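First the structure, then my questions, so here it is.
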C-alpha cells in the first residue's frame, strides 16, 4: 500500500518549523537609551529571565511535539476528512503556542503569574487532547494504518498520549497554587517523553 | 507521464505554511503596566475576542484552501506559464490574508465594522476567482491533467469552485447590512467544503 | 548521473517562500484611535497606495526570480563551493528585498523618492549580477550541468540574464530623474521574462 | 541500508531557512518624520552600518552552518534519542542567533560593545559545541553512519569541528579587549570553512 500522507507531513513539518523559529521574535532588545554600559545590558538580560525560560521551554516542547507527530504519521498511511482536521487542530494549537509563551515571558514574575501559567499549561492540555483525537480517528479503522502494525503497538501509542492528559490537567490545576511547580511538571513530562519515545519506536520496529 | 509540478507544490506548501503560521503575530500581548492581576489579563483577553475570532477563522480558511490546493494539484501533471501565474496569484492572495485578518481583529467591534468585513470577505472572493482561473487554465487542455482523469471528475472540481463564487459575493454584499452574518456564511461554506471535499476525493479515485 | 543539488533546491525554495510571505508584514494596520468610520479606513488605505504597490511589485518579482531559480537548477546537476556561494548570495539578496520594499512603501511619495527607487532598483541589479555569476560558475565546466544539455540552451540562459543587466542599470540611473518610470521598466521586464520563460523552457526540452 | 534521517533533514532545513530569512526583520526603516530628503536617508543608512554588518555576518554564518549540517547528515543514516536532541540543540541555537545579531546591530557602536560581541561570539561557541556533540554521538557507534564510511573520513569531520572550538573561544575572550578583532576572527573562520568544506567533501567521496 502506498503511503498517501506525504504532503500532509511536509506541510505539518513546515508549520512546526515556522512556529518553533518564530518564538525568537519574543526576545526583545532593550531600548537604545536604556543601556549605558555592558553591565546595564547584563542586568537587562538577567531581569528578562522569564522571557528566556519561556523561549527555551516552548522551543523544546514544540520540538518534542514534532518528534511525536513524526512518530504518529509514520504509522498513518491513508487519510480521511477526520484525520485531516484533527491534524489541522494540532497545527492550529502549535502555531498558537507563541502567544501563551509571550504572556508567560511578560507576566510570570507578576501578580498575573497564576493566570499566565494556567493559560500556558492549558494550551498543552488542548494539544494533548488533539493528539489523542488524531490517534483515535486514525486507529479506529486499521485500514488507515501502516499494514502489519500490531495491536500492541497501537495501544502503546494510545497509552503514551492518554497518560499525559491527567498530568497536564494536574499541572493546569496546580498553576493556581504554585505556578513554578506547574512549569516543572511540564518540563518533567517532556524529559519523560524524550526518553520513552526511544522505547516506543523500538517496539514499533519489532 | 511524469508529474512535473512537484517543486511548484513544494513551494506553494511553503507559502501556505508560512502564511498560516504568521497569523499568530497579530495576537498582541497587553502592555506591561496595563495588567495588575490575573483578572485584568482575563478581561483584556475577553475584550480581544474579535482578534481571536479572526485568528481562528483565517487559520482554518487557509488550511481548507491548502487542502483544496493539494487536491487540484494532484490532478495537474504539467504546467505552462498560465498555470504558473494563476498559482502565483493564489499564493499572493493567500499570503495577503493576514492583512484583512488584522483589520478585522482591530475594527470588527467598531463603526468601521462593515468596511473590514467587506474587505475580509472580498479577499476570499478574489481567492475563489483565482482558484477558478487556475482550474480553467489547467483543464482547458487535458494534456496538463493526470492521464485518465474522467470528464465527470473535471466538471466536479469545476463546479465545486464555481458554486462557491455567488455565495462569497453574497457574503460580501451582506457585509454592508449585518457584518456578523457575512462571517457566519463564510464559516458555513468552509464546513460545507470540509465535508464535501471527502466526497470529491472519493469520486476522483473511482 | 544522479542530481545532487536536491537539498540546495529545497533550502532555496524555503528561503524564497519565506521571503515572499514575510512581505505582508509591511502592510500596517492603522492605529486604533485614528479610524472613526469605514470611510476613514478607505481613506487610510487609499493614502497607503505606495505600500500596496511595493508589496505587489516585490511579491511578483520574487516569484519570477523563484521561477528562474527553479529553471536554472533544473540544469545544474553537481555543485562546488563556488556554485554554493553564488546561490547563497542570491538567497541573501532575495531575503533582503523586503527592506528596500519597506523603504519604497514609506518614501515613494516623498522628497526621498529618487533615493528609495534607486535603492530598490539597485537590489535587482545586484540580484541580476548574482544570477549571472551563478550561471557563469555552473556552465564554465559542463560536468556540473544536466548531461546532454546543448550549447545553444546554455547560451540562451546566459543571454537571458545578461540582457536584463543593462535594462536594470538603465532603470537604476533613471530613478534620479523620474522614479515612477524606473518602476515601470522593472514591471515591464518582469512581464517580458514571464512570457519569455515559457519559450526558454521549451527550447530546453528539445 | 535505508537512510531514515530524511524527515529530520527536512525539518532542520526548514528551521535554518526560516532563521536565516527572519534576520531581515532587524533592518529598521526610519521613522516617517525623520527623513526630509534622499540625503537624510543615506545618512540614516550610513549610521546604521552595524545593523547591516550584523545582518551580513549572521546570514552567511547561518548559511555556512547549514552547509555543514547538510554535510554531517549525509553521513548519518540512522538516529537515536541522543542524535535527535543534539540536533534539536543545534536548531535551538541557530533559531536564537537573531537575538545576539539584534544586540550587535544596536550596541556595537556603544559602550556596551564588548558585552554584545562577547554574547555574539558566545553563541557561536555554543553552536560549535553542539555540532561536536552531534558528531560525537553519531560517530560513537558506526551503525548510525553511512555504510562504508572510512575512519579517516570520520576523524576529518571530527577534527574540522574540534579545531574551530579554541578559535571561537579565543574570539570570545578577545571581545573584551578589541571587539572588532573578534568579529574579524569569526569572519576569517567562515572563509576558512567555506574553502575547506570543499576539500572534506572530496575526501568523503573517495
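Going in written order, the chains are labelled A, B, C and D, and every chain counts its residues from 1.
Heads up, the rule we're going with is that a residue touches a chain if its C-beta (ideal position, glycine included) is under 8 Å from a C-beta of that chain, and two chains touch if they have at least 3 such contacts.
This one's a predicted model, so the numbers in the text were calculated from it and none came from an experiment.
Each chain's centre was taken as the mean of its CA atoms, and the one lying most distant from subunit D is B.
Interface of subunit A with subunit B: the two copies contact each other largely through different residue positions, with under half of all numbers used appearing on both sides.
Once the centre of each chain is set as its mean CA position, subunit A and subunit B turn out to be 26 Å apart. Distance between subunit A and subunit C, defined via averaged C-alpha coordinates, is recorded as 37 Å.
Shared contact sites, meaning residues of subunit D that touch two or more other chains, fall at 10, 14, 18, 22, 25.
Because contacts link each chain to exactly two others and close back on themselves, their graph is best described as a ring. Under the contact rule defined at the top, the touching pairs of chains are A-B, A-D, B-C, C-D.
Interface residues of subunit C, counted against subunit B in their complex, comprise 9-10, 13-14, 16-18, 20-25, 27, 29, 32, 35-42, 55-56, 59-60, 63, 66-67, 70, 194-195, 197-198. Across the complex, subunit C meets subunit D through its residues 7, 10-11, 14-15, 18-19, 22, 25, 80-81, 84-85, 88, 91-92, 95-96, 98-99, 102-103, 106-107, 110-116.
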